[in-house]
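Got some structures for you, see below.
Each of the next two complexes has chain A plus one more chain, namely chain B in the first and chain C in the second.
So, the complex of A and B:
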């Protein structure tokens, strides 16, 4: 109940959730309702404008855009959920290990720094180039791209908690180290990490779309938002609708994820009059904080 | 200052070593034997053995890595399997448009974001603040490549102000050169405005609420003097940090956006390299872009004490 009451004060979270739920609904319901196979070409019906038969029109192979859009949204969300879940678990594990097993701290953080030095899209491209494009390798490479930032955030949040009196007291009272971490440290790390994970979700969707757009993501003919946009690129003069729908879906997913994160984190972005607080997830801000002691 | 610089240099070297190991190790992520995968089924055993030697796969991984590093240090980035040319040569040519787009996008974002953020900080909730929020939302929700498609549709196809696609080398005159780069740079710039604008606004708002601003106002400094001389001046460190810190994603963004405009940059190079599994090209491209990014950030780290004298004392004393 308290969580629900909290939600009412955070409209950004509600709007963000609504966007994601709407996208998920399209992805889940359309395949059952639509009479069209998303991959079945029907050349005589190609490039049709939206109509009663094809609510969002057809593409250059005569495939139903709505059916493909549903598959594309589903793909994006599956990949992003999987990435966020794995990055969350790995990031928590590595970040907490770095804080509570001191010999590992330097090692883990230097590896994270090295990975963060490679721009996400490029690292993902290089990994996919090596492993070949498939949904599993896509998720693996997104995890590799996203986990370092999560681990660093977990580490920096846990570091500040570790020095608190109540953690010291718990340890002094003889609570087992694992129990100290789970019961006393984890809860206060969760809010900044939740913000970061929703950013990971959004960023995974963008990178997946960019890779599929470049032809290095979800292999054709399976639809994804990226390869639908890439198909639409050729018809920028005539088929305006072709880019509009996958583009809008992509924007809705990314915005939804960021609104949720922003709302949970206290709303730095979409609240005007009050003084903005920095997003705890901002890597730049973290860098800056570390520089200015 | 010297100790601070040396500490930063040490950190830079650590990052470069780890990053280069990651880039080198990626070839071991290939399923099966990389040389066979790269050359395909109809390659002769001799060709495969030759490529294995060329990629350093015929020796233990750590020796292969050391060989690769020493070659890179001598400026040898390997040999493209399909372009049949040294990667350094190809990359040197292709990196010009990509870096130009990223620089131009940074420039666009600075001239839009900073005035907008200053106006937003001065009157919170005013027109500038609302537009900054809208741009920030747009920049977060709409990735650069999607925005590029929309910009092409409106400004190239509909209005005909800019070419739909293509590239002119800088030799053909600065205006022709810029005309082809405006749309991709604006597309990436909008994304960047969202990051830069938010940071600038919040830092300036933070600065404006500190007590030395009250003192400055009390002793009669003009509102503009307070805003630029104190507000912007003290927000320079986060602004420069964001500019340098996001240059990597701008380069990566330029790689994606280029392909929409048929610009012969790193993007096209890497996409064709992936489809042909031309691994030396992929490896070196990622390495060089990451190097540009970390070295830029190193230089910016060294600039901090100049931008903010307070940092010289604290960071210098600590390091």
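So, the complex of A and C:
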């Protein structure tokens, strides 16, 4: 509830959400409305400019770009959501384990460091090359690329929270160790992690597009933003729309995710109101007075 | 520099507000050259705001109205930042509150002090080192060359504070504004630093505005005292007059909390106990024998003895105070006894049961009987929790039924309104947060409370109310308190027995009256002597 009320002061979150909702709407609605099969070639209609029949034109096989774009956006969002969700759960688990089960700390963190040392796209390419291109293996390798950063962040936030007095106070009050982690540590880790997860979402979309662009992502002929761009690059000079629309969709998705993350994390980009400056002790004095008999 | 006819500093009709909130409403005072005037008040009284207004250091959103702020012959009211900057350091100097945060960690001490000279173009390049050394010596640093070459983090808190004083002195100002210059220091160090400051200002005929929350410090160090409350001066006069014949009721509560007044009440309390017929102290509920704890320091060879062969016994319905300065091992001892930390050796028994090696389930069960109250109450409460959740947490951990009812009962016990239950703990005042912490500690009906600096973070008048509450709870519930504190005047108000710690050892212990009136150990004598306003009476 409080989070909802806070939204009004954070235009970045609203804009970001609007972008993602608009993308999702395209992905969900277009396939039902569009008369075209996104994969059906129609050679007579190839390379058409936007028109009433084809709002975003057609590609070099005469396929409807709007229908393909909807499928591409849908694929990207599915992959990104799945990656973010799995990376969130795994990252929280590994990060908290590293902090609260000390023998595991070094082990988990050195593995994360090792994975972080390899460039993301390269690592993903290697995994796809080993397992073959499919949506599931794509998600798996994106999780592998993204989880270490989440785990590291969880660990560093949880480390500082672990040293807070109220964590020890809870233990001193007789609360079970697992309950201390769930009730006191987890909630304070969630905010920075939420920001990181939005970045994971954006980065998953970019890496997925890059892999598809290279032909190692979603296998053709299924449309994805990456392979649409890859197809379009041959026609940069003649069919600019082919490049423009998937590119714009990609930008909208990543921007949307980043705006949400920025807004949730305190909004460095936009802030409507600055908080009133708290006066040292003044409100406190007032409250103390209320206590006087 | 200043014509002698002028007072060093005159402030008339000063008012500061932030938006609709008025922090200082009407403050007027004057400092003669060489005079020390203390501005006393609790947090939120507007004392630091007043100081910053004089210095022209208020944040941009502050609105300042003043009839007059006159420094020497000049009315500096409305001067812009550039003109103020020219006089700050040369005519008007500032000694800030937190020494560790007020020094640049990456520059050597002498560079930081010389900076005052270079920015104002005082002296020549050649004679600046001599000026810096002289200022350091005046601030009480015997070896200015060695200290000047160090970085701030290589210095103790007391030395850091002296460096700040040297920084204020080096520009040879007419007025020094010192904002809580010793609040962060141990009493014995506090005394030395204040002595240095007093000597240096007297020698140079510098007027000083001393800002403090501690009336005893103010009375001991200042010629005149101004008591500030809610942005208004409620009392002013010569220091001794304010102490002996306070007119304002608020000043009277402050005076009642000064060590001198406490020493009197300590004697009365002791006499009362004797009159009641000296109940023979029962068998101890908690005892510890031969506790030792070493911490290995990184880089240093060997280990530091934080606690060295400490033994103590705590009887029901009694309060044992563990007294010492920072680093004396008092908190570590308290944490070992409450089983938050493990001792290297020694035995702890609670109700005859050896609790030294308990772990897992048995340790958790132990928490029902011994509870620990952390220092700085606000940080010991999860800011995401409401008051009811915080107090109910131990009840929930042990599955106590009717949590809501018990929480209401506990709120009532610590004299908090039931309406507070749903408030976030982040929105409590210091006093309220400490009451909540105490209520939470009482939730499981323990027999021992370990209170670590339980009132140190609170204003004096709030301290008094929390101490009253603790005494009341002890009478009603038969609790035993292990009370850890660096503040002897607080200890005198609550302790039955006192153990004085130094360097990890207990150097002296006995009843409160014995220790305070007839200290035997040198260190205890020194400690008592350093408490402002204690020695003349006790």
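Keep this in mind: the second predicted complex is superposed on the first by the 267 of 293 C-alpha atoms of A that agree within 3 Å, B and C clash if a C-alpha of one lies under 4 Å from a C-alpha of the other, contacts with A are read in each partner's own complex, and residues count from 1 in each chain.
What we mean here is this: a contact is a pair of C-beta atoms (placed from the backbone, for glycine too) under 8 Å apart; a residue touches a chain by one contact, two chains touch by 3 or more.
Just so it is clear, the model here is predicted, and its values are computed rather than measured.
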{"item": "Touching partner for A:193 - first (chain B), second (chain C), both, neither", "value": "neither"}
{"item": "Touched partner set for A:216, first chain B, second chain C, both or neither", "value": "first"}
{"item": "Contacts of A:110 with chain B and chain C, given as first, second, both or neither", "value": "first"}
{"item": "Partner chain in contact with A:82 - chain B first, chain C second, else both or neither", "value": "neither"}
{"item": "First, second, both or neither for A:149, with chain B first and chain C second", "value": "neither"}
{"item": "Chain touching more of chain A, residue-wise (chain B, chain C)", "value": "B"}
{"item": "Touching partner for A:176 - first (chain B), second (chain C), both, neither", "value": "second"}
{"item": "Where chain A meets both chain C and chain B, residue numbers", "value": "276-277, 282-285, 287-288, 291"}
{"item": "Touch list for chain A against partner chain C, complex", "value": "164-166, 168-176, 179, 183-184, 187-188, 276-277, 279-285, 287-288, 290-291"}
{"item": "Contact set on chain A toward chain B in their complex", "value": "110-111, 113-115, 117-123, 125-132, 202, 206, 209-210, 213-216, 229, 232-233, 236-237, 240, 243, 247, 250-252, 254-255, 258, 268-270, 272-273, 275-278, 282-285, 287-288, 291-293"}
{"item": "Chain A-facing residues of chain B, complex", "value": "11, 14-19, 21-23, 26-27, 29-31, 34, 124-125, 129-130, 133, 136-137, 140-143, 145-146, 149-150, 152-153, 157, 164, 195, 198-199, 201-202, 205-206, 209, 237-238, 241-242, 245-246, 248-249, 251-253, 255-256, 259-260, 267, 270-271, 273-275, 277, 279, 282-283, 285-286, 289-290, 293-294, 301, 304, 311, 314-315, 318"}
{"item": "Interfacial residue positions of chain C with respect to chain A in the complex", "value": "18-19, 21, 23, 42-45, 48, 59, 61, 230, 338, 340, 364-365, 367-368, 371-372, 374, 376, 379-384, 393-394, 396-398, 415-417, 428-432, 437, 440-441, 443-444, 459, 462, 465"}
